[in-house]
Amino acid sequence: MGQKVKKIAVMTSGGDSPGMNAAIRSVVRAAAYYRTECIGIYRGYQGMIEGDFTPMSARSVNNIIHKGGTILKSARSKEFMTKEGRAKAYENLKEEGIEGLVIIGGDGSFTGGVVFNSEYNFPVIGIPGTIDNDIYGTSHTLGYDTALNTAMEAIDKIRDTASSHNRLFFVEVMGRDAGFIALNTGVGAGAEEILIPEEDLGLERMLESLKKSRRSGKSSSIVVVAEGDKSGKNVYQLADYVEENMPEYEVRVSVLGHMQRGGSPTCFDRVLASRLGVRAVELLIDGKSNVMVGLKDNEVVSTDLEKAIKGQNSIDKELLRVSDIMTT
Amino acid sequence: MGQKVKKIAVMTSGGDSPGMNAAIRSVVRAAAYYRTECIGIYRGYQGMIEGDFTPMSARSVNNIIHKGGTILKSARSKEFMTKEGRAKAYENLKEEGIEGLVIIGGDGSFTGGVVFNSEYNFPVIGIPGTIDNDIYGTSHTLGYDTALNTAMEAIDKIRDTASSHNRLFFVEVMGRDAGFIALNTGVGAGAEEILIPEEDLGLERMLESLKKSRRSGKSSSIVVVAEGDKSGKNVYQLADYVEENMPEYEVRVSVLGHMQRGGSPTCFDRVLASRLGVRAVELLIDGKSNVMVGLKDNEVVSTDLEKAIKGQNSIDKELLRVSDIMTT
Amino acid sequence: MGQKVKKIAVMTSGGDSPGMNAAIRSVVRAAAYYRTECIGIYRGYQGMIEGDFTPMSARSVNNIIHKGGTILKSARSKEFMTKEGRAKAYENLKEEGIEGLVIIGGDGSFTGGVVFNSEYNFPVIGIPGTIDNDIYGTSHTLGYDTALNTAMEAIDKIRDTASSHNRLFFVEVMGRDAGFIALNTGVGAGAEEILIPEEDLGLERMLESLKKSRRSGKSSSIVVVAEGDKSGKNVYQLADYVEENMPEYEVRVSVLGHMQRGGSPTCFDRVLASRLGVRAVELLIDGKSNVMVGLKDNEVVSTDLEKAIKGQNSIDKELLRVSDIMTT
Amino acid sequence: MGQKVKKIAVMTSGGDSPGMNAAIRSVVRAAAYYRTECIGIYRGYQGMIEGDFTPMSARSVNNIIHKGGTILKSARSKEFMTKEGRAKAYENLKEEGIEGLVIIGGDGSFTGGVVFNSEYNFPVIGIPGTIDNDIYGTSHTLGYDTALNTAMEAIDKIRDTASSHNRLFFVEVMGRDAGFIALNTGVGAGAEEILIPEEDLGLERMLESLKKSRRSGKSSSIVVVAEGDKSGKNVYQLADYVEENMPEYEVRVSVLGHMQRGGSPTCFDRVLASRLGVRAVELLIDGKSNVMVGLKDNEVVSTDLEKAIKGQNSIDKELLRVSDIMTT
């Protein structure tokens, strides 16, 4: 018996998210704990192709658990989408003696891992790192909880000025094609309306709802809009539409943007990263491959990478209902 | 069919926690949504005895979702522990036409509710509000997530100064007899050692562990101590003990204290409060009583109040293990 | 001898800024201290015209010192720009027995006050409240210090993601026609380049500077741009220009927007508000008019309102130089 | 003409404070700008004696401006208080070719510099780094503004729980023998009473004042106490005294402690650090010695080190008065 793998590598890939450093730290420390060598790969698949490697010890990840971003940097690699690129990458890993890989990233990054594994039978384990929470097989992706708080705190500040001026604010939050950030920050910030891709409210109904809110005595309002909202209009067009139809409001727009990807991770994200990193290493050492580690019912679980890529998290219907009731 | 209850009351009781205002707001808004009258009771059971009531409308809870503390105030009531006190309280509720009660608080407050119900058959529903996360029947109590982040951010700051001076810090966090805050903030803040009531590490082993950490190249260290730690020594005695046995360290103590009970709630706590408040009202309207609403596997669930009081959440063994690995 | 004024009013006018509530609190408490009645006027000059008044006691400003926005709300009033509007406003003040007015706002609001005083000889005192720091006669306007920190913390988060991806970010901050926020947050956030209205760097030189920074080993960069920058291009055009000329960078844009106007004020702004509010009341009581209270060399000073309106704060040349040296 | 000094060193000494890293960065970048070599000395005077040096380039201070603590670490050195210690230190500096020294620290550290200069005629320039703001010759020391905000935000959280329970809180803040932090955070957090070393209120008057505040309708109160308060009682004894004499209050104590020394510096502290670092280098290069750089009236100024050590900042009488008026 014993460890099936004696040397592993870890990298971050795709868009960065808060908690990636905590996950790197956890992978490196777990490897050290199991007396397994660990190599850091810079800039994801691109660094794998270029052999941009660095050995990592338990001490090399001191003082990073609280940092946003990723010390291993991230990138998107076109070259890795080619057979030649992947061949180079494999050569580099083999030459370095690396026998397994932990990929911290989103579904694009996992797809790369699945292809790589299918071609070279190289063990890969995924850790879901993205603020969008759009990965199947985990209730929370790394960075999602932090992004919720970052966005919500920004909306809290916007509400100060909205309610001082009887203004209506459209605030766009991130989330790609998923409304998780919008729905949760909308409820958390007490928004009057929340527009998400999963539910097409319709412009008419939004207007009706804002008018009702106004009649009920609210003099200022916040509408939270997911970036991937499918109303057919972007946030500026929505604002124009409402301004035309509700001249009693001064309408303003704020696009929160990239700050949502940064910042020191919350306690939840740091603990999650620590738990997932340990499990990822244990799975690799155990000879497992092609799975993603995630959280379900507060337990660490594994999901087939292919399922994780194809599946989709659905928005919580009950929370949608709560959101409606809250804007009574 | 119809609503079994036409007028309800809501109150906060026991120690306050972030998210209580969000829960009050949710109860009031849900009541308004279901066209049920809602009365706010000030200062918990004491206000119930004194008839310290205020009618609440959907608008009376504007702009409180983000506030720490509780606008209904909280108190501990000795009088309610007497039969006479409870009789007065019942008279006041009856006179006001209140037919059901939502109690936001901890297990002491729930015990009061169970007794009251047994005597007067008065419908009561509990919402678990405490930073300690020590209530059975919910994975998260209201305010716990916020307290984790407040404590962790304070420890982050302490680490700045610890690592500038090669110091060892003992940081005491809250949690009564439960180690949830200590374990999670310890992992989140990257503490070298975590002392919790659920696991008696022993002074010898702690010392050994700190010495190992020092030998491994760490020049500063944080030990997170739960207030209810059972080592037989308080945090100051622990510090003295280590200082005597490891003269190479300057040892310092910080007791984080009551700031952990305050602050604006995190997105998680605000969303949780919104969900639990709605469910509590729906249960009351439905004729239910003697249950606590809580979160399990990200779903809102109900638990018998008696079970919630008697049961105990146990600390996550896997996280203990992760914590050990992280301090490699 | 004695007080020349027995009843005063306070209002906030124009764009809101953090610290306005602290200033209202200070004016109200100082009035109470000097046994002077105090009326709050809602929505600035518009509320004055509509007689939207509320009596304020020392207790009515409890628990507002830490709140962003303004509990008296703010507005811009076209009607006050007419003789008729001002006549109505005067009638309302007279009828209420108000003998002096504290205006918390920017130079537009002060201009209204000067005109009003010239027509009705009505005593007015200004407190400079704006995040832009563009008012002559004070080293700091109310809200400026808070806005600096809000913007800087957002840029800190953006840097996390910028440095994870070797990206170049253009971040637009507020400040109207003044570069105070851009220059200070740029230095504070360690920006590679800062574009302000007071200094036209020129696109060529900016490009040169970014290339130098890149050659020197920096792989990511932040350029902070004041909203009133006079390069003839807005922030999106700047980004396009650089992307064309430096294809090695991925360029991104973030407009921080209205969140900069909100949030809980910093200690500096709360203390400043407390000091200015007291002085404003003391001046009114003393029979003074047409002056603005402000801070110079950490002392509270008075400036003629007309001077405050006409004068201009100039950007600190030494800080510009420091900024150049920091980007070495 | 020309630079009088071609190689300098920088170190941090004594208690650390937020902004020290920003100052190190500024010194290093300014040295690079003036093509002057720069050496970092670890652990202050102790590292000087041990020759614990590291060369620093403009790139070696990337990404530290926002970090609390000091990357050069700090220490107190008993050995440097001996002639032999200082001789060793001088030998190390000479051997390394270092011709001037920037000391970031408090008056204890400056005293060491003055003695060293008197013995070896070695050029030293001081940058005032301490949260206590107790150094003559500058209106603000590095870290003071950050500490004010850290302490005030903690008190804001404590107020949440204080006002939920009608409690009276005694909160001890740092400041050694100076009341700057207590007075400013007390005013900023809206404390009902502020106890500072510079003004002995007397226990009787404090009690009277708290009773008055209670009668005026306040149900909860915060008393901010400077650690060096001269009432003859420590914060716990004060609490006991009040609890005995005002049984209507539940009294609690919170000692904020070392978290006040850490955390990411505010914009003010980062900008101040950048300005002072540049000036310190320019002075050294210019052949100056034995001066401290500081801020007066928002201008960077120099003060004789001896004066800086002997002089004392006095508390702002006007702010004391404002504080009294605010608690009306």
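Each chain gets a letter, A, B, C and D, in the order it is written, and its residues are counted from 1.
Please note the rule applied: a contact is a pair of C-beta atoms (placed from the backbone, for glycine too) under 8 Å apart; a residue touches a chain by one contact, two chains touch by 3 or more.
None of the values given here were measured: they were computed from a predicted structure.
J.: Starting from the Cα centroid of chain A, hunt down the chain whose centroid lies farthest away.
T.: So the farthest one, by centre of C-alpha atoms, is D.
J.: At what distance in angstrom does the C-alpha mean of chain D lie from that of chain A?
T.: 39
J.: Centroid from C-alpha atoms only, then distance chain C to chain D, rounded to Å. What do you get?
T.: Chain centroid spacing, chain C to chain D, equals 28 Å.
J.: Can you give the whole-Å distance between the Cα centres of chain B and chain D?
T.: Chain centres of chain B and chain D, defined by C-alpha means, are spaced 35 Å apart.
J.: So which stretches of chain A touch two or more other chains?
T.: Within chain A, residues 156, 159, 163 contact more than one other chain.
J.: Report the topology of the inter-chain touch graph, choosing from line, ring, star, complete and other.
T.: Ring.
J.: Judged by the touch rule stated earlier, which pairs of chains are there in contact?
T.: A-B, A-C, B-D, C-D
J.: Mind listing the chain C positions that touch chain A in their complex?
T.: 12, 16, 18, 20, 67-70, 73-75, 150, 154, 156-166, 169, 252-263
J.: Which residues, counting only chain D, touch chain C once they are in their complex?
T.: Touching chain C from chain D are residues 25-26, 29-30, 32-33, 58-59, 62-63, 65-66, 139, 145, 148-149, 152, 156, 159, 163, 184-185, 187-190, 216-218, 264, 266-268, 270-271, 274-275, 278, 296-300, 316, 318-319, 321-323, 325-326, 328.
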